[in-house]
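Note that the chains are named A, B, C and D in the order they appear, and that numbering of residues resets to 1 at the start of each chain.
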Amino acid sequence: MELLKKVNKIKKIGTFDLEKQLMIIAGPCAIENEEQMKTTAQYLVDHNVHFLRAYPDKPRTSPYSFQGLGSQSHAIIREIKEQYPLFIVAELLNLEDLSFFNDYVDVIQIGARNMQNFALLKCLGAIKKPIILKRGFGNTIEEWLMAAEYLLNFGNDQIILCERGIRTFEPLTRNTLDISSIPIVKQITKLPIIADPSHACGRSDLVKPLSMAAVAAGADGLLIEVHPHPQMSLSDKDQALSFSEFNSLLDDLKALAGLRGLTF
Amino acid sequence: MELLKKVNKIKKIGTFDLEKQLMIIAGPCAIENEEQMKTTAQYLVDHNVHFLRAYPDKPRTSPYSFQGLGSQSHAIIREIKEQYPLFIVAELLNLEDLSFFNDYVDVIQIGARNMQNFALLKCLGAIKKPIILKRGFGNTIEEWLMAAEYLLNFGNDQIILCERGIRTFEPLTRNTLDISSIPIVKQITKLPIIADPSHACGRSDLVKPLSMAAVAAGADGLLIEVHPHPQMSLSDKDQALSFSEFNSLLDDLKALAGLRGLTF
Amino acid sequence: MELLKKVNKIKKIGTFDLEKQLMIIAGPCAIENEEQMKTTAQYLVDHNVHFLRAYPDKPRTSPYSFQGLGSQSHAIIREIKEQYPLFIVAELLNLEDLSFFNDYVDVIQIGARNMQNFALLKCLGAIKKPIILKRGFGNTIEEWLMAAEYLLNFGNDQIILCERGIRTFEPLTRNTLDISSIPIVKQITKLPIIADPSHACGRSDLVKPLSMAAVAAGADGLLIEVHPHPQMSLSDKDQALSFSEFNSLLDDLKALAGLRGLTF
Amino acid sequence: MELLKKVNKIKKIGTFDLEKQLMIIAGPCAIENEEQMKTTAQYLVDHNVHFLRAYPDKPRTSPYSFQGLGSQSHAIIREIKEQYPLFIVAELLNLEDLSFFNDYVDVIQIGARNMQNFALLKCLGAIKKPIILKRGFGNTIEEWLMAAEYLLNFGNDQIILCERGIRTFEPLTRNTLDISSIPIVKQITKLPIIADPSHACGRSDLVKPLSMAAVAAGADGLLIEVHPHPQMSLSDKDQALSFSEFNSLLDDLKALAGLRGLTF
C-alpha cells in the first residue's frame, strides 16, 4: 500500500468541501423515468442535499430482473444536469459508456461486484474524476485498499471509499455493515470513506440507525436510497426511504454532524 | 418468541434508571489483585460511572492461559462492594458459585460461549437478578433471542442483551460488531441492549468509534474494558483502555447521549 | 497444544478396532420411544453397524421444541444395552446425569454448543470413557483442538473429534461441512476424527455424497442420523435417512473403505 | 433459473468424453516461461492428462504482485498447441484478448472475481467455446447458477461449473471448499461441475485429500496447480504440487474414479 500511505485526501468536489460538509448522496436505486428523477432532484435541492444518485444500469444477480434503462437514461441525466444544481453520481458498468460519464457524471462509482475487476480499475485509474470505490461484499479491508492502490497506481487519486456491508451468517439483514471498517480506513489512509446503509441491510427500517452509527463512527458521508414512491420502485424497493422518512433522517443527522463540526 | 414479545423492559437496577441513563459498565478483563480493582473502582466513582466489571473467572480458549483468580477473588469483590457505591457485574461460569453471586453480584453475565448452555440458562432463569445475556460470536439474532426466551420461560424477566461481535472473514478485527443487531432487537423486543466494543474488535484504538456508533444506533449502554495499566493486564491487554483514553471516550459519549436525552 | 502433540490415538473401543474399522454411529436424532430404538438397534445389528446413537436430551434453540425424553429415556438405554451387542453413544448435557452415563453409555459426546463449556470439559476430563468432541459451528480448528487440550489436561486422552459443519453465508445447507478440517486434524494430531454429515447439511439428500467425501478425505468414521420413519421424527426430520437410504450408503461406503484397507 | 433447468450437459470436448472420463486440468498458476510450460505439457501427455492450465494473466490483489506475462505469453500458447496433443485452458481477463482466445484456447475460464462481471458474461455468452465458470469466493450457490443463467441467456450452453472455496472465519485454509455445492449443483442442474482444491485451501499438503473428497462427492473433474519446481513459482507457490506429488494423487484418483466407472 505504498501510494495509499502517501496520497492526500480529496478535499473538494467542485464547491463542495469534504472537510466541512457531510457528503450525502441520495436517490433511487436506478433511473426509471424522467418524472421520478426530476421529483427526486427537486426534493434534494429543497433539502440542501448536493449529490444525486442517478444510475443508468443496475447489476442484477438474475438476467431476468430489471437491469436499468442503460443508455436510454442518458438523456434524463443530461437534462437533470442542466436544470438542477446537483452533482451526478453514477455507477459505470460498461466501458463503452466512458465518454458519456466523462462528460455528464461528476462522481463515478465502482460497484461492489467490480471491486476486483482489475481491467475496469486500470481504465478508471486513467481518468480525472472522483471515484467512489465500494467494498466487495466478500472482500477484506486489505483487498479493498489494494483495489484503491490499483486506481492510484494508474493515476487517479480522487478516491472515496464506500463501506456497504459484508456477507455473514446473519439472515435478518442482507449483509452486515462492517462499522469497524470506517475507523480502520481512517487509521491506515487519508482517504474519505462513506457508508451505504441501504445496501448493507436491505431494509428501510434500519437505514436511520445505521446511518447514525456510521456518522458517529467517523464516516465522511452516506449513500442512501430514496424514492418518491418506494413501493413502486422497480428494484430494491424494500430498502428505499420515502421522502418523509428521509426528512426525519436528515434532522437527526444534522444534530449528529454538528457534534463533529460538520454541516451538509 | 412468545414471552419475549410480551415481556416489559427492565426499568431500574436499584436507583439506576435504564430509561434515562446510559448504562456504562467498565473495568478490567478479569480481577487480578486488590489494588487493580480498588484503583479502578475509585476512578469510576470519581467519573460518575456506576457499574464495575469484576470478573472472578475468565473463559479462555487455552487451558494454559490465565483463567482468572476464581473464588480467590471473592474477598476482593466483597470488599469493593462494601467500600464503593458501585454495582458489581460479573460472569457466572460455575454453578457452585451461584450462592456467592446471589449475595454479592448485582448483575450476572452469561458469556458468549455459554449463550446456548441450556443447563445454565435454566438455572439462571430461576434467580431474581438482572442478567446480561451476551450474543454468541457464532450465533444468529434469532438464536440469541431464543436463549432469552429460555430465561423468560424459566422465570427471569430482568434481561439485558449484549451485542459483542460475530465471527466473519475479516481478519483486522477479532470479531465484527454487528451494529444492525441493536435496532433489530429494539424492533422485535422491549429488552434493553448494550454493546461490548472491546471484545468485538479486540483493539483499544477502535473502542471509541465503535462505542459512539453503538450509542448512535440506539444502544442502552456499553461494556468496556478499562485497566489502570493496560500493558500489564494478564488477559486481553490489547483491547483495554487506559484511564485517560476512557476519559476521552466519556466526554464524547456525554454529548452524544445528550442528543438522545440521556445522561450517565 | 502441548499434550495434543504428544498423546497417542485411542486404538480400541472394547473389541472395536479404530485402526482397521470405519467407526459408523447411527440412530435417530433423539430417543423418542422404546419401539423406535429397538427397531433401529436390531437394524444396526443386522447390518454390522456397531454404534447406536441414543440421545436422551436434545439441545434446542427454542425452549418450546421437543427437548428429548431426558432421564425418562434411561430405562430404554438400559434395556437396549442388555439386549443388543451395540456400543451406546450419547450426549451429556447435565452433570447430574454423569453417574448414569458412567454406567450405561460407552462413548460420551460433547455437543457443538458445549465445545467451549469449560466447566463440562473439566468434568469429563476426569472420567475414563471415550469422548466425542464436536466442533462448535462458530469455532476455528485451533479452538477445537484447544478444547481437546482441556480434556487432556484434566486427564482424559480417549478423544475422538467430530467435524459437523461451520456457519457460513451459504443458505442452501444448514452449515458448511469443513472437509479440510479432516486432513488438517490428521496433520496436527494423532486423534481420530469422524464427520457428522447429517447436522452439517440438514438435508437427507446430501448425506450420502458428504459421507463419501469425508471418508475419501481420511475420516475415521461417521455419525449419521437414521430413523425407522424419518417423517415421523420429532426433531431434525429433514436430515434423517430411512433404512433403505442408509442401506444404499453402506454399500457405497464399503467399497470406498476398501480402498483405504478398512472394513466396518 | 429457467434455462438452467432445461439445458443439457455438455458431453464432449473434442474427443474427450465428459460422461466417461474424469476431467483433470493441471498446470502452473500462470505461464512464466516457455521451458516451464513445455516441461509441464510433456509431463501431462506422459501421464494421460488431457487439459493444460495455461494462463497468460493472473488477477492479483496487489498491483505490485506478478500479473502474468499477458499477451507476451501468447506465442508460448501457440507453440504448445501445435506441439502437444492437449486442450488449452485459460482465463480471459481482457476482452481485447478475445480473438486470440477464440483461435487458440479450447476452454475459457471466468475467474472467481469475475463471476458477477455481467459485461464479461454477456460477451462470453456469445461465443462458441466451453466455459469454466468459477464460483466467487463470496457468492452463494444461487448467485453462481444465476451467473450461468446469464451465459445461457446470451447463447452459450457449454458451461462447466467450478467450486473453488468460499470465504469463512477459518484461518488455517485460504478458503473453505464447499463440498456440498457439488451434489447440490447436480440436483438442480445437469451441468458438469469440477473442483479447484488448490485455490480453495492454498496449501499443497491438502490438495490430495480435498481432490479425493471432491471426486467421492460426485465432481466431474479437478483443476489442480502443478509446477515443475513449486518453490520457484512466481505466484501461489505454496499450493502447487510437484510432479511426484501429482503422480501420487493420480494413482489414488484412478482407483476412486474406478468406483464411479470413470477413467481419465
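The definition used in the following text is that a residue touches a chain if its C-beta (ideal position, glycine included) is under 8 Å from a C-beta of that chain, and two chains touch if they have at least 3 such contacts.
In this text the structure is predicted, and so the values were computed from the model without any measurement.
Q: Which neighbours does chain A have in common with chain B?
A: Chains that touch both chain A and chain B, as defined above, are C, D.
Q: Treat each pair of touching chains as one step and give the shortest count from chain A to chain D.
A: The fewest touching-chain steps linking chain A to chain D number 1.
Q: Which chain pair is joined by more contacting C-beta pairs, B-C or B-D?
A: By the number of C-beta pairs in contact, the winner is B-C.
Q: Per the centroid of Cα atoms for each chain, what is the distance between chain B and chain D, given in Å?
A: 49
Q: Can you work out the whole-Å distance between the CA centroids of chain B and chain C?
A: Going by mean C-alpha positions, chain B sits 35 Å from chain C.
Q: Going through chain C residue by residue, note those that touch at least 2 other chains and give them in order.
A: In chain C, the residues touching two or more other chains are 138, 142, 167-169, 171.
Q: Chain contact topology under the given definition, line, ring, star, complete or other?
A: It is complete, because no pair of chains fails to touch.
Q: Help me check something: in the complex, which residues belonging to chain A touch chain B?
A: It comes out as residues 138, 140-142, 166, 168-173, 176-184, 187, 200-201, 205-206, 209-210, 212-218, 252, 255-256, 259.
Q: Touching residues of chain C toward chain A in the complex: what are they?
A: 167-169, 171
Q: Looking at the complex, which residues from chain B come into contact with chain C?
A: The contact residues of chain B facing chain C are 2, 59-64, 93-95, 113-114, 116-119, 136-139, 142-143, 146, 149-150, 153-154, 167.
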